[in-house]
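Chain naming follows the written order as A, B and C, and within any one chain the residues start at number 1.
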Amino acid sequence: MAAEKRVVFRSPWLPLALLAPQAAVIGVFFFWPAAQTVMQSFQQQDAFGTSTSWVGVENFVHLFQDRSYIESFKTTAIFSVSVAVFGIAISLLLAYFADRAIRGALVYKTLLIWPYAVAPAVAGVLWLFMFAPSIGVVAYALRKSGIDWNHLLNGDQAMLLIIMAAIWKQISYNFLFFLAGLSSIPKSLIEAAAIDGAKPWRRFWTIVFPLLSPTTFFLLVINIVYAFFDTFGIVDAATEGGPGKDTAILVYKVYYDGFKALDLGGSAAQSVIIMSIVVVLTVLQFKFVEKKVNY
Amino acid sequence: MVERRPLLTFLTHTVLLIGVAIVAFPVYLTFVASTHTAQDIVQAPMPIVPGDQFVHNYVAALTGSEKGAGSGAPVGRMMWVSLVSALVIAIGKIAISLLSAFAIVYFRFPFRMFFFWAIFITLMLPVEVRIFPTYKVISDLHMLNTYAGLTIPLIASATATFLFRQFFLTVPDELAEAARVDGAGPMRFFKDVLVPLSATSIAALFVIQFIYGWNQYLWPLLVTTEESMYPVVIGIKRMIAGGDAQNAWNLVMATAILAMLPPALVVVLMQKWFVKGLVDTEK
Amino acid sequence: MQSKSLIASLSLAAIASFTTPAHAQVEIQWWHAMSGPLGEWVNDLVKGYNDSQKDYKVVATYKGTYPETLTAGIAAFRAGNQPDILQVFEVGTATMMASKGAIVPVGKVMKDSGLKFDPSGYVSAVAGYYTAPNGQMLSMPFNSSTTIFYYNKDAFKAAGLDPEKAPKTWAEVALAAAKLKASGHACPFTTSWISWTQLESFSAWHNVEFATKGNGMGGNDARLTFNGPLQVRHIQDLENMAKQGLFVYKGRENKADTTFPSGECAMLTGSAGLLGNVKKNAKFNYGVAPLPYYEDVAGAPQNTVIGGASLWVMSGKPADHYKGVASFFNYLSSPEVQSESHKRTGYLPITTAAFKLTEQSGFYKQNPGADVAVNQMIRKTTDKSRGIRLGNFLQIRTIIDEELEQVWAGKATAKQALDKAVARGNEQLEKFQAANKS
């Protein structure tokens, strides 16, 4: 990795001791089950595990022969890029403005962070109340202004719906971290630039944004991981992958196959595929994007 | 702000108001729905101004007195389980990740990057997919129906480790140098310099991880078989009748609002710590 | 001193062991997916049973939605601590059955317990779904509903239709829809659970196969046949209605349910279990009628297919647990308990005795429409109408949802969609067959 500290401590055992608690937890509760899941991707079994047989790469081959699975790569790409880019941009905008010490800042910040506390189970219901083509408040308003909102049959609208829902969830999250990042930029730097005659727009791009880059990089990586892995709940509540398969992102199929359809081999194979994709994406980000980060 | 720019201030308020209107709208709707009768809510379209059932609905939600709530499980007990879980998870995650990030950033040792990536990969396999083997591990360790089972598996945190890594990398080398020169060991440096500097990151993470722990649904559902260990989100979910029976939406929304109060409190309290952190770094 | 207190405590222990009952209460674990008012119903049932006897104590635990509950049961089984009773939705029947040795058939449990158990007393259209071809009951029907037809009497009147005459045939439905649309109604007809109402129940109602081998009852090598001429004709009719705005698609599963009590849609085919919701929330006069049919099809109307869930008994528990389960099932099946449940929830009574008891109490007279569902089911079933048992059924329903959505969106014809659904569905059946080799 590009980012390294010049000054380090030397100790043969201390770092391992520091890492031990987390290593133990993930060893037992993640890697051990994960290894079994990977094994499952090479097997075919019934839901209860009473009849298991090895099928080699058959699960993988089966997936790539399915046209709709290949299609969902494209759907996922569009979805993830939209969620990450717009999620970060919108929250950065809001965080920047909220950071200016104006009246009511505390209220604004609280109201913008609080939606993160809405439990996913309740959020799904809320989106239904807002966008359901029949009783939805927002759908009703849209219809009144001439837009025929029907995400049940209109694939593009359905895609828009899940992108909006996913971004909504993340705005509060990104906002919070941007706030934290902004608050650690010394005001003295900005004052000095202002005295030098730099306008707010310039100050933002030459001082604030570079100093914020560690946070931005963090959020970029995390948002992409979020878009790839944590969004199946939203899809399940809003569109269930429909209409047809227009909003069936990769991870939704993983969730559906593993959890509802109880096709353990298939969903394990898909998990391996997604995991590989995101690992590559993340490595690429660390290799190329992190170069631009100012530490 | 730095200088007076009335136009920019106006723009600031405008943007923020629009932002709040959009982002907080669903929460507003939840509140509105919690002040109407169930029948009014299902008539299309739902009303968007509060109704007159506030007292009635909230009393019913708190005391479980109205029929249709799905169970007699006391809301208080569930809130308590949620509170303990959320606190243990938030504090545990932060503590563990501070130590891990410190080790990865400030030391050189074999497998250093391997550990970082190993921790990172835990974000990439949703629990729903590895549910059967993970459940078996918990069951074999006799951790079902315990606070330990509810919290320990969730205590590793790639997000927190990664965030602290980012932050530690911005800490000037001179500080570590100075500590070394003073003869202070790494743990002294960690305790006296790094942790206090990380106050804002810790505050931000505390909010996020507390809410994360508070909103856990699937994991507690699986590892508890006694309803006395159910956190409050399960309580909300079970009020929503799947299938055909009619939902008492007004009570569901009232309970949801109640369930959002502790996290809101955490958000407000943590903001004070942001400001404090800011003042401290103003040296 | 020490030895004195030791003797004292030993004596106390000895006395205690004489006064406690010879055997402790056996706890029976029941995992279910009933939330909201239905959850209260479950708790009341359990309380009623526990209060009625001292040997067993049933503990009911809510484990989430149907898929979540099934997953919890499977996870527990794999870890060796499964519950005694598990509530599984009807589409999971094949999964439960195909699992070698994970369950114990209810018929066996009841027989072994020595309690009086008469399979013929159960309504064949209800229990038949959960019965093996050789007559052995595999799981105990618990909450079963069926597909019925709701219509808005006030809207009918406003459209110039006779509010007391419910459309009996699909042709009449189309005519009524046209009149409703002409009178300004934006959503004349819609449906919930489209696969269940318009294909599964539809097929059974017309005594036509949904899949080979008696809809899958005969083995895992059954294949789908719902793209036969009658089903294609029906979906084509719906397609035409959709093009004219007479049939409006309102979403998968039961998302369309709220459109009827809110007055948005004038006619709805959906679950009988919705009746309670309609009664509570509808601000208009409504009517309930049997599912429409095509009168030119011989054998129609036959009977409709149930939906809902049943109770499965897990294997690997101690013998006295099974006695407790049998005793509990006996209680649940008693006419009084069944009748009360039926009146309270709208779910079907599973025994003819319970139906008769309800009839005698005058319930149906006081609550018009409550007997529509039952009347569709109290009939002798045929091999094609007893029920459906297909592997990967959940996926097949999703496939049907997806392909039919192409029809409503105008992207495919009825025949194309059904053919594609059958082809994709058969792949699922092949996968299930391969994964569950017997």
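The rule is simple: a contact is a pair of C-beta atoms (placed from the backbone, for glycine too) under 8 Å apart; a residue touches a chain by one contact, two chains touch by 3 or more.
Just so you know, these numbers come straight off a predicted model, no measurement behind them.
Undergrad: Can you name the chains that touch chain A as well as chain C?
TA: Neighbours common to chain A and chain C are B.
Undergrad: Could you tell me between which two chains the number of C-beta pairs in contact is largest?
TA: Comparing chain pairs, contacts are most numerous for A-B.
Undergrad: Return the distance between the CA-based centres of chain B and chain C, expressed in whole Å.
TA: Here chain B and chain C have centroids separated by 38 Å.
Undergrad: Measuring from the mean C-alpha position of chain A to the mean C-alpha position of chain B, what distance in angstrom results?
TA: 16
Undergrad: Can you tell me which residues of chain C touch two or more of the remaining chains?
TA: Chain C, residues with two or more chain partners: 71, 74, 78, 258, 262, 264.
Undergrad: Which chain A residues sit where two or more other chains touch them?
TA: 49, 134-135, 259
Undergrad: Among the residues of chain B, which ones contact at least 2 other chains?
TA: 42-44, 131-132, 136, 237, 240
Undergrad: List the residues on chain C that touch chain B in their complex, please.
TA: Interface residues on the chain C side: 29, 31, 33, 35-40, 43, 61-66, 68, 71-72, 74-76, 78-81, 83, 145, 254, 257-258, 261-264, 270-274, 276-277, 280-281, 283, 308, 345-346.
Undergrad: Can you name the residues of chain B that touch chain A in the complex?
TA: So the residues of chain B in touch with chain A come to 1-3, 5, 8-9, 11-13, 15-16, 19-20, 22-27, 29-30, 33, 41-46, 48, 96-97, 99-100, 102-109, 112-113, 115, 118-126, 128-134, 136-138, 152-153, 155-157, 159, 161-163, 166-170, 173, 176-177, 180, 185-187, 189, 200-201, 203-204, 207-208, 211, 214-215, 217, 233, 236-237, 240, 252, 256, 259-260, 263-264, 267-268, 271, 274-275, 277-278, 281-282.
Undergrad: Name, in rising order, each residue of chain C that touches chain A in their complex.
TA: For this pair, the touching residues of chain C are 67, 70-71, 74, 77-78, 95, 98-102, 187, 249-253, 255, 258-259, 262, 264-265, 392, 394-395, 398, 401-403, 405-406, 408-409, 411, 431, 434-437.
Undergrad: Any idea which chain B residues touch chain C in the complex?
TA: 38-39, 42-44, 67-72, 131-132, 135-136, 139-140, 144, 218, 221-222, 225-227, 234, 237-248
Undergrad: So in the complex, the part of chain A that touches chain C is made up of which residues?
TA: 44-51, 53, 128, 132-135, 152-154, 240-245, 256, 259-263, 265
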